[in-house]
Every structure is written in C-alpha cells, then in structure tokens.
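When the chains are written out, they are named A, B, C and D in that same order, and each has its own residue count from 1.
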C-alpha cells in the first residue's frame, strides 16, 4: 500500500543522524519533526531565524512574534537561538546544516529539482529553497510519486523552471525510496505492498533496480 | 607659533557637526574627543566594536574587556552599543560614519595617503585605515607638517606605499589647515603666528594660497 | 543623538511617489504595520517595494497592493496573496523574485558598502539569467548586487531615543538588514525607552543605522497560521 | 547537542602541524588564552594563523612567535610585537597584511558560504595587487575571497552546553566571525551554563557554529594600554 504523507515523513525520519542540524521545508517535510527516532538528537533550523525549534504551542500560548518558515506558530526548545535572516542563510549557505528536506513538483535523474513556479499559472516564489538546494550537501525530496493527473514527477529532465541543478541526493515518495546519482534514480526501498513494477510504471526518469528491493520498515 | 598635538586636535574639533558619527584614529585624532564644542553632539565609533565610546575609566574601574581601537581602556556613554568587527566595518564601508580623522606619514595633493608601511623598515599594518579611507566621504588627516628630519609630509605624490587614493578631503597640521581638491592643497588657515611663507617652505606639494589667509581661532 | 519623531506622519515625511522602499517582516511577523497604514492613507503611488513577502489580501503589503500603489515588488515568496498573483499574472505588477538568502544578503550588502558578492543560490535557474558566473572551489556561483532603498521601514520590539533596537523572537527576520540599507531608516517600536536603558551588549541594531524612531500607535500582530496543540 | 569537552587537551585534539588556524581577539582583548597556551605546550609547528593582531612579545600569539611555531600570519595590524617585526623583516615569517574590515568580512564570508565579495578597501594600494577590479556606482572595488580555517579558536564570556555564545563588551570583535569560519570551532568560556539558561533572543553566536566548548582554566586578561582618569 502506498504511503500517506505521514508515512513519507516517518520514512524520512529514519534518515536522521545524531547531532544533525536539519532544515525542514513546508508541507510533508514539516511532519518529519514528529517522528525523530528514539536516541537520536537533532536540532531543527527554520530559515526565518530559529535554531532549536520546538513543537506547536499549547492552545492560548501562541505568540504572533514566534513563527516558523511556514508562518505557523511554534515554540523554542531549551538551548534555542534566534537570529536575523542573513545569519540564517549564512548557516545554510555555509553548509552548517547537515540535512535539508523539501517538497518538489518535479525531480530529474541528474538531481535537478523544480518547485517554485508554473509559468503563466502559479508563481509563489522560491522562498529559501534556491539557497537550500544550492548549498546543502544532503538534500532529500519528500513528495508524491505522481501528480494529481497521475503523471510521474520523477523525470529524465524537469519541464518546469528549475530551483536548483544536480543537487537532490535522495527522493522519498509514497511508493519508494530512491537515491539520485550517476544520472539515474536508484531504487532502494519499496513502500509496503508496492511492487517494483508499480514503481517502474510511475517513474518517467531512468530507474536502476537492484536484484533485491526490500520493503520499507515504517 | 606652530600648534602642538593638542592644538591640532582642538582645531579639528571645530570641524565637528551636530549629529555626526565620528571615527578617530590612533594618536592625535584620539585627542579630538576631548574638545567637542559646546552644543555639538557627536558619537564616537571605535572600529573594534563600539558606538558611543566614552572617556577613560576612573582609576580602578578599567575593564580588560572594554577597549578602543588603540587598545586603551575606555567606557561607554549612555545609549552606546557593542558589535562585532564585521558589523563595525559595515558601518564604515556603508558610509554611516560621517567623519574619519586619522594620522598619516604622507599626504599627496591628489588626496592620496600613506600611513602603514616603510618598506624594509617598519611594517605595522594598515589596521582599519584602508577600509576607512576607501569608504569615508569626509577624511581629515591630523599630523605634523614635516617629519623629524624637517622634510615635508605634504607632497606632490606619495613615496611610501599607499593606504588609499584620492580620498583625503582636509589636512590639519601644526602649521595650517588645508583642503585637498583639484590636485592641490588649498590653504585655509594658518596656525597663530605662523606666516604663509613658513607654510610654503614646509610644503612640497602644490599649494594654492588665497589673498587672505586667516589665523586659526583655537 | 535623538532620533525620536512624534508621529507616523512625521516619520514618513519625504516619502514620495516612485520611491524604492524596504519593509521588514517575514509573512505578517514583524512588519511595520503603522508605516504601511500611513503609506496607504497617503496614497503614495508607483512604489518599488523590497520585502520578503507581500502580505495577505487585507493586511501587510496587501493593503498597498489592492490600492495599486505598488508598481514593482522585489520578494522571495508571495504565495499567500491572491490579489498579488492576479496582478502579477496579468502583468499589472512587475515582480522580481529572488532567493530568500540572496535577498537578505543583498540588503545587508547594501548597508555594508559591499556592492556585490557571489552566491551559489540560483545558479542554473532563471535567477541566474544575465548574471556573471564564476567558479570557486569547483562550484559555480553567481554575482548578486547590493540592494538599497530611499526609505527602510522597520518594526522593532524596543528601541531607545538614539535608535538602538531590540527585536522579539522571529519578528527580527529581515528588519536588522533593511535597517542597514535604508538611506532613511524609519523604525516603529512597541516600547520606546530613554538612551541608556538597553544593555549595550545586547543591541540587535545599533542606532547609527536609524534616522527616525517612533512608538507605534497600535500593533495588530495578526497570526497567519495559528497552529497549536492541546494540553 | 552537547558540545562540551572537559579540558583544553581534549579541545585541541586533531590540531596538527601545517594547519590553518583562526584566533579571535583584538589586541589582547578577547583572545583564546587557554588554547594558545596549549598550542605552545604541544609545540605544533608551521602554522598559518589568521588573527587581527599578533599579540605582544610575551602574551597572546607572541607566545607562538617566539617559539617559531608560526610560518605565516594573516593579520591587519601587528605594531605591538617586536619579535614579529624582526621575523618579518628578516623573512623568517611570511606575512599577509590585509585591511581590518576585509579581514572581518572575509571570515564571515568563509562561514556564510560566500566565496568572494567586492570592497573598496585597498583599491590603488599593494593590497589590490593581483586582484580583480570592478567599478560599481563609479567607484572601483576589488574582489576579496573568503577565508576559512581547519580550527577556529574563540573566546566567549558565557556559553551553554549546546555551544550558544555570549561575548562581553569589545571582547566580541572577531570572535563571532571566526566561529562561523572554522571547520572545527573550539570555544573557551569563562562561564559554562546548561542549555536553556541563556535567553534565545540574545545569543551572539548560535551553537550551530560551534563544535567544542570548554570552561577555560584561567584567564589573565592582560590590559595592553591601561588608560584611566582620576576621580
């Protein structure tokens, strides 16, 4: 059975390593914070100026002056710090953040990513995504394998305006975990009950499939 | 009579305008702070990270953690602020400081200044001087008109390695006040009792002398 | 060096049509509400606004968008404003979208006398079009230039009469950077205190960057996404 | 994210000959005294040291100069050290003198992922030799590149176990910038407190820039120019 958004978040949470600073994008990536494995300590960076972001505030304790990059009210963990936007992106550009998780509209087999614009139709802007993908050494994309029309979002080349080039290292979708290297997607795991055939059918880009593809352990 | 260092500082203090932020270099310039005219409010910036620098501390109250750019123990005035060296030079480079006063070994008639190095002999380094002279729009040099051997420091071209080019706007020496423009020194005032002839003799660079050269009013 | 002005009217003296303005804030957090209201009241037109976001339809810069006072927006993310999207797609509004980190750094650079710098952000994308590319450490970077503004409007938590500022939590965001980059920087604060009351060691923005400061009349501080958990 | 190490020995693990080090401080103010002493004790050689100053003959980096552990200095002002001047003029010591503002900005750039930036400082002087020149707003600027280091040694006033730092007065100076630019940033503090004790709104250096932190055993905090007035 294909994963839901929470399943994708849970699977990505397994990628976390102790001691990492992590930036989570808006949408599915934000959910990853809820599933940090026991024994793993990570700190979340929010590019509007937080290190050590905590959970949502208790009802009635929300503060308009304390939000995350998704404009949601949040809290601070002990040891947190606040800084301006230039310092925040100094952390990101300077590669002090070990992992970036973000959503995408398209990912290509060469690691290109598109997630900020549909010409003539939708222009939300890139926000911090271009800085993140140009800088981070470890970029995981969290998204559905196909769009609402059923077309693959895992492509040989992106058709939409790019957010960054040759940057995505891993993709976790509702169907599969794939690494991105040597101009191909490399299938690592299947969602529980999803067949390799289903993944192949949903993937437009070059897909390398090893002899054995284990099921995810969510 | 030629001015002493305090006289030079007093004359430069007359150049201060209300509301200015001012950076004073090491040596004679530092003394300017003691002679701010009544009714004029200025704030002193020290490039190691102070805005609103105050007088020396009372004996016994000095703090090793609070020094000025000359490494002297100082105090803070009410409304002062402390910042790191990058922010300090952001103020300087970004032209938020209205006046820079600094010493020199040589000044040339095109506004070039040399004050950081005598090849093979003395190398103290430029410190913040190169940033200051390259950025400030209003640069007054405070120095003796001649060196210890009696040679003029007011030249047609500098012989020592430059600190900055075309930047000095005014020179105040023990003998004279001169503006620097149109590739010449323009005599504005004489030190009390000093003749135009004496100034001419002590000046190697091109000197423009108006019909009337008033005495300084110290 | 007293920077206090007594009203938002006085604070905005000299703002005219066709100017370039910077406005602090991230989303609706830490925006100069009082100055925006006054800009709307004054009806100043043909503005170029540099701001990370464009507000929502009825708050923040959205107020100036619906009255069509803005000719051009320079922003990184504008996804929360339908009127913005409509004006942009119809071509009524000029829009320059730039990466958030580049926007922040370009404002800082404008205030710091750094006319240009290299960043990897945007290389290989539309953002890089027409910009110089240079490889450092085997990685291509693009040359981004400094931004500055005729007026910068900044919202701070506390400020003193000399213009020293303290921001609260994530309402800091772009405010300190834009404070540096305004030819005239106007600050509205929740609390205005005498010089000497703020600890010099914990000033976020030194007063040298501020030309005018006033106590804002009211702060709505609207929350865009109220997310909570139950006890 | 506990960054605490228990001794200066542990803090310097991995520092070897030929490395590039950054050392915070301005004059003798805010220098990492404990780390410098340990570097002297370890006798690590052929070091490239990036530091605004070079200490005095018997304190600060002067301690490493007299034992000839330093191969190259990158500084802005070295006027207080006779041994330094002797080694430099005799050619024993390589010296790269750069403008103080460029030094500060190059450290920040190194930590901020900005490989190069333009500055007017040094144009038309020796400092500009071999560097690209570009005119912005009618004024020539030179291209300066980022600096980084294998280890950055930083002195802070207070720090917490996660590496968040607060500096005291002008002992801040280059410390926050070098903290950003070290591959491994080692911090010695006067006071080490549990995470959560420092106000998140008033952290000078966020812990993300710090890899190791320890409480310094002693701080001499020598004053270079004791200037006082009488009551």
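Convention: a residue touches a chain if its C-beta (ideal position, glycine included) is under 8 Å from a C-beta of that chain, and two chains touch if they have at least 3 such contacts.
Computed from a predicted model, the values in this text were never measured in an experiment.
> Steps needed, at minimum, to get from chain A to chain B via touching chains?
Minimum step count, chain A to chain B: 2.
> What chains, if any, are shared contacts of chain B and chain C?
D
> Could you quickly compare A-D and B-D and let me know which has more C-beta contacts?
Spelling it out, more C-beta pairs touch across B-D than across the other pair.
> Rounded to a whole Å, what is the gap between the Cα centroids of chain A and chain D?
Centre separation, chain A to chain D: 36 Å.
> Taking the mean of the CA coordinates per chain, how far is chain A from chain C in Å?
Spacing between the chain centres: roughly 28 Å.
> Could you give the separation in Å between the centres of chain C and chain D, each centre being the mean of its C-alpha atoms?
33
> Out of chain C, which residues touch more than one other chain, so two or more?
Chain C, residues with two or more chain partners: 105, 108, 112-114, 119-120, 168-169, 200-201.
> Going through chain A residue by residue, note those that touch at least 2 other chains and give them in order.
In chain A, the residues touching two or more other chains are 76, 82-83, 86, 89, 92-93, 135.
> Report the complete set of touching chain pairs.
A-C, A-D, B-C, B-D, C-D
> Show which residues of chain C lie in contact with chain D when the two form their complex.
Contact set of chain C toward chain D: 105, 109, 112-120, 134, 136-137, 141, 145, 166-169, 200-202.
> Can you check the complex and tell me which residues of chain C touch chain A?
Going by the criterion above, the answer is residues 26-30, 52, 75-80, 85, 88-89, 95, 97-105, 107-108, 119-127, 157, 168-177, 204, 221-231.
> Which positions of chain A touch chain D when the two form their complex?
Residue positions touching the partner: 19, 21, 41, 43, 45, 51-52, 76, 78-83, 86-87, 89-97, 135.
> Where on chain C does chain B make contact in their complex?
Residue positions touching the partner: 1, 108, 110-114, 160-162, 164, 180, 194-196, 200-201, 203, 206-209.
> State the interface residues of chain B toward chain D in the complex, per the touch definition above.
Listed in rising order, the residues of chain B that touch chain D are 46-50, 55-74, 76, 82-86, 88-89, 92-93, 112, 116-117, 120-131, 134-135, 161-166.
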